[in-house]
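Two complexes follow with chain A in common, the first pairing it with chain B and the second with chain C.
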Partner chain A sequence: MSVEAQQGIATPRIPAGLGGLLPALTLIGLFFVVPVLALLLRSVTDPSPGLQNYAALLGDGTYARVFFNTFLVAAVVTIVTVLVAFPVAWMLAIMPAALASILFGIIILSMWTNLLTRTYAWMVLLQRTGVINRALIGAGIIDQPLPLINNLTGVTIGMVYIMLPFMILPLVGTLRAIDPMTLRAAALCGASPLAAFRRILLPLSLPGIAAGGLMVFVMSLGYFVTPALLGGTSNMMLAEMIAQMIQSLLNWGLGSAAAFILLVVTMALYALQLRLVGSKRAAGGA
Partner chain B sequence: MTQAFLSIRKLHKAFGAFTAVHDVTLDIPKGEFLTFLGPSGSGKSTTLYAIAGFQDPTSGDVLLQDKSLLSVPSHKRNIGMVFQRYTLFPHLSVAENVAFPLRVRRRPEAEVKRKVADMLSLVRLENFAERLPAALSGGQQQRVALARALAYDPPILLMDEPLSALDKKLREEIQAEIRRIHRETGVTILYVTHDQEEALHLSDRIALFRDGRIEQIGTGEDLYLRPATDFVAGFIGNSNFLAAEHLETVDGAATVRLADGSLVSGINANGSFQRGQKTRLMIRPEAFRLDQGSNGAKLAVEIVDVAFYGERRRIVARTGAGQEIDIRPTSTALAAQDVASSHRPVFFDPGAAFLFPA
Partner chain C sequence: MKLIFAGILAGLMATTAAKADEMVFTSWGGTTQEAQTKSWAEPFAASSGIKVLQDGPTDYGKLKAMVDAKNVTWDVVDVEMDFAIKAAKDGLLEPIDFAAVPKADLDPRFSNENAVGSFYYSFVLAWNKGAVSGEPAGWADMFDTKKFPGKRTFYKWSAPGVIEIALLADGVPADKLYPLDLDRAFKKLDTIKSDIVWWGGGAESQQLIASGEAAFGQLWNGRVFALEKDGADVGVSWNQNLTAADVLVVPKGAGNKDAAMKFLAAATSPTGQAKFAEASGYAPINTKAKAEMPADVVKGLPDAHVDGQINLDMNYWAEHRDEIAKRWYAWQAK
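Right after this comes the complex of A and B.
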């Protein structure tokens, strides 16, 4: 039925559309396709034709560690973001709509606040003599300041904070579609709160977790500002490495190759998610 | 008292200043089909939710076989429930929905399989086991919900307006299913509805709720033929209320003067009345006849409209005092052209009429 409907609409549009699409196609080609191709070309021609840039990146232990670290940070950030976002999203999904929209406003306001400002704010909070360490020492909970900055902890805290809205928004959409009565029904069926969460709420919210999780993971893979300011030299991420290669070492070939690898990984993850979500949809519609 | 299977003791529930349930006390024997009937906001659902454990009562108690349920969380009450909206788990197949309560109870796989098959055949959905809920009609989904609620042999089944989302034909079909399943399983059912026909059709007894109290509890016949108050008379079945002045009551049989000046005696008096007190005389539309019979009281009316409704005629008539009343004699009583004559008397048995305070 949908195929017919699509054809019915699409058939008269195609001839007229092609000409009309030209400006858009030109724009996309000029500003998106050409640069990516130039990047790819650069990575296999600079300084000389061949795959030596890729060989260097994939063969060298130092670079491999940066790749590993990039995926580690992205994975940790994604997992922590899901864990923090879920209860918030659930609360937003079940609370009265008027109150929820105020809280949504606050979350979105934080998204609109300058990224650099928010990251510097975390520096102030997390550093050795920062607010958090002073408060903890003042309260007598710790003697020595906790190492909260220039390491994985700092990067994770800063990035989770920035990524939360990207996780909460899709998740609230998914959770709102779940009838709270379903959970009451599960309780009367004998499911403890934990069993109801594991067997009902979690499976039903998986599409939202997958959508938000992928977005957070992909954004985290290429993140620059927060890891650069809150991370340490020992856990450099790919974006920082690319910046160094191009800015300091002026090695455009190597930088392009690294950027291209990141792009391919991101696209592969996106394709994977499309397949997973796509097959879920098909099963749901059967 | 102690032989009651489920016992509700002085149940009270207040939401802030609003009291939803006022000291409701009720004993339900095992195997009974009891319906909570009443308009919306009358406290019937709140009472049901207190039994389910979704709402803690302000005071009072709910006892199952003499043990209080209040301190038991919902998931340990072992109560079955069917909800107004279909609350099937959308990601699980029909069979897995029915299996869910057994799986969370960690029953052996062989037992789960056997029980799911039994339940699906009970609700006649054997061929739908692998479907997802979204691929079922509303009526089918509600039957799956019924199977899921009964899969663990709960001693009590709660049903919260389970048919209100279905169209009339489906409602009647599922009502028959519910009656059959009650007969076959012997489960004690507490059923909430605002539909009096549904209540009359399904229940052993009906508790009619009004403003958080039980106005009357009894069989459908009790409520219909012997209403305790004018609210019951007005809620169950159709009724005409005529203004009347009470003259005297002898052995429960009252004599009144109607607004047109005519006297009627031999009426059921609900309560005691003063001489000259203003009262309301309730007469069912179908209690009116067009022929006098042996002991019919007479009421002079003007016929306003006559409509044919199959087994009965529906007549709108105006009394001498100008009040419109609803009369439903059997169609065979008189030919239509005879009925339509403008001014005529109609008759009713005073023993089937009730007197209530105004």
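Right after this comes the complex of A and C.
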């Protein structure tokens, strides 16, 4: 090990500590790369060799709609998550460390609760006879229950809630690294708070937004439980459709093809982001 | 709810070695599997000495994966009947050994060469009395949003039931349902589409009706039975109730076929069926079972409502399963 590491330092072409990566690479190779290849293979051989599964997926209005829905939901969730997470992250970045760590604890705590439990809790809150609608009707604010569930609204609320920590954490890292003096300097130069935000804080925090945003977007693309429970059938996302194909229709070829398309699109997006933001920044470095 | 467990690899289950004194029974979980355990598995284990391990929920993808991989750890599986017919065609099931499983008293509607009945049930029209004024009299009322406003709930998945309900409501006579006129059914469903809340599993259907989230809906009679038992204020119409069945199958290459057949004999026996029906409110598929049941339980069974009862055509569904599913999900996604 240490010899390897020293050699790594001596000859820059072999990165140092490559040996330490072996366990992780083996795991990923065995349990990710191999299954993905098997998936790809099935998508072009089941039920018969050829590209008919891909042709069926890409040539059908319903599937196109589901693809569109998937990206629409992921995009909406990502945008709303950024908008909600930014002020929280900024507060966490500037508040005293002791207080911030308590608030961090609360945010992380939500991630320790079972996903299904949290989603069911949202059902209880959002449904027509749920807590929110009853309270609003009781207070005389609305007459008819608001449609908060079984539609895009329900999916967005439920998923933003689940995704928030994944956005807040990288964002706080980025924001903490920003020198607060830059904002003071801006104010001294006569910039309004809005201008300081737009021209200093926002550009400097972009790497964090990009890193968190990509993570949220990619996780949202493959999300299953929350859209299935809080969405309506017209908001069906790809993961649910794939589950139907695999589980209910036993059409594994088609399901594999759909899963592979999702994978390729996701990786393409990642590559695009690397190019736009730069690999170091996309990985969360400030 | 079954879809929530999608993606769990069948291989995870593939470690149980087949032992002669042990077998695995797989069903849908919840109150149904509990009743099956109590009524079938426990007495069977006591009398035969064969230990019955429970697994679940039933997952058709997993079943196929096991058979394909020739590593079958499930010995008896509770599945929907239309799936059983399709699966038998695809070579996924063992034939039933009727030398070991007495056939004479089994309801012929729910058994064939590769499956014996598990229980049968009816789709009935149930409503929350607090959320509906008046009494819906039949399926047509579910499509009358003026007379009966409010959300209505239907079974979410492509399966026998909703298409038939739409056609009946549209005036198709019961004996002219098949072959299903899908265009007509979807046109009828379009008229109430925005008022539909879908239920994906039995517990969800109960929650929707009990809370009044949906005023009324198409429910499994056993789930309505359980709601009534819990004291929920629900009404039920058996008018044109639609029967369908769960069946028990043995996956091809099951590790413990002999034990599985013995289990099937016990599960379909008059006593096993009577006990299960009493616990679940679903109907026995053994015609001798009713003699062993209390009169008040018999009264609540689909058997007591054969007048106007319609048998959903499982053979038709097995044959057209994929093509209907494709249209069903396309329509839902619109």
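As a working rule, the second predicted complex is superposed on the first by the 251 of 286 C-alpha atoms of A that agree within 3 Å, B and C clash if a C-alpha of one lies under 4 Å from a C-alpha of the other, contacts with A are read in each partner's own complex, and residues count from 1 in each chain.
One rule holds for everything that comes next: contacts are C-beta pairs under 8 Å (C-beta built on N, C-alpha and C of every residue); 3 or more make two chains touch, one makes a residue touch a chain.
Predicted, not measured: the structure shown is a model, and the values here were computed from it.
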| item | value |
| --- | --- |
| Combined model on chain A where chain B meets chain C, clash or fit | fit |
| Arrangement angle, chain B at one end, chain C at the other, chain A at the vertex (C-alpha, nearest 10°) | 150 |
| Contacts of A:249 with chain B and chain C, given as first, second, both or neither | second |
| Contacts of A:225 with chain B and chain C, given as first, second, both or neither | second |
| More chain A residues in contact - chain B or chain C | C |
| First (chain B), second (chain C), both or neither touched by A:116 | second |
| First (chain B), second (chain C), both or neither touched by A:203 | first |
| Which of chain B and chain C A:195 touches, first, second, both or neither | first |
| Touching partner for A:271 - first (chain B), second (chain C), both, neither | neither |
| Overlay on shared chain A, then closest C-alpha pair between chain B and chain C (Å) | 45 |
| Residues of chain A that touch chain B when the two form their complex | 179, 181-182, 184-193, 195-196, 199-200, 203-204, 284-286 |
| Interfacial residue positions of chain B with respect to chain A in the complex | 52-54, 73-81, 83, 85, 87-91, 100-101, 103-105, 132, 134-135, 145, 148-149, 152 |
| Residue ranges of chain A touching chain C (in the complex, touch as defined) | 61-62, 65-66, 69, 116, 127-129, 150, 224-225, 228, 232-234, 236, 240-244, 246-252 |
| Touch list for chain C against partner chain A, complex | 2-4, 6-7, 59-61, 64, 90, 151, 156-158, 197-198, 200, 211-213, 321-322, 325, 329-330, 332-334 |
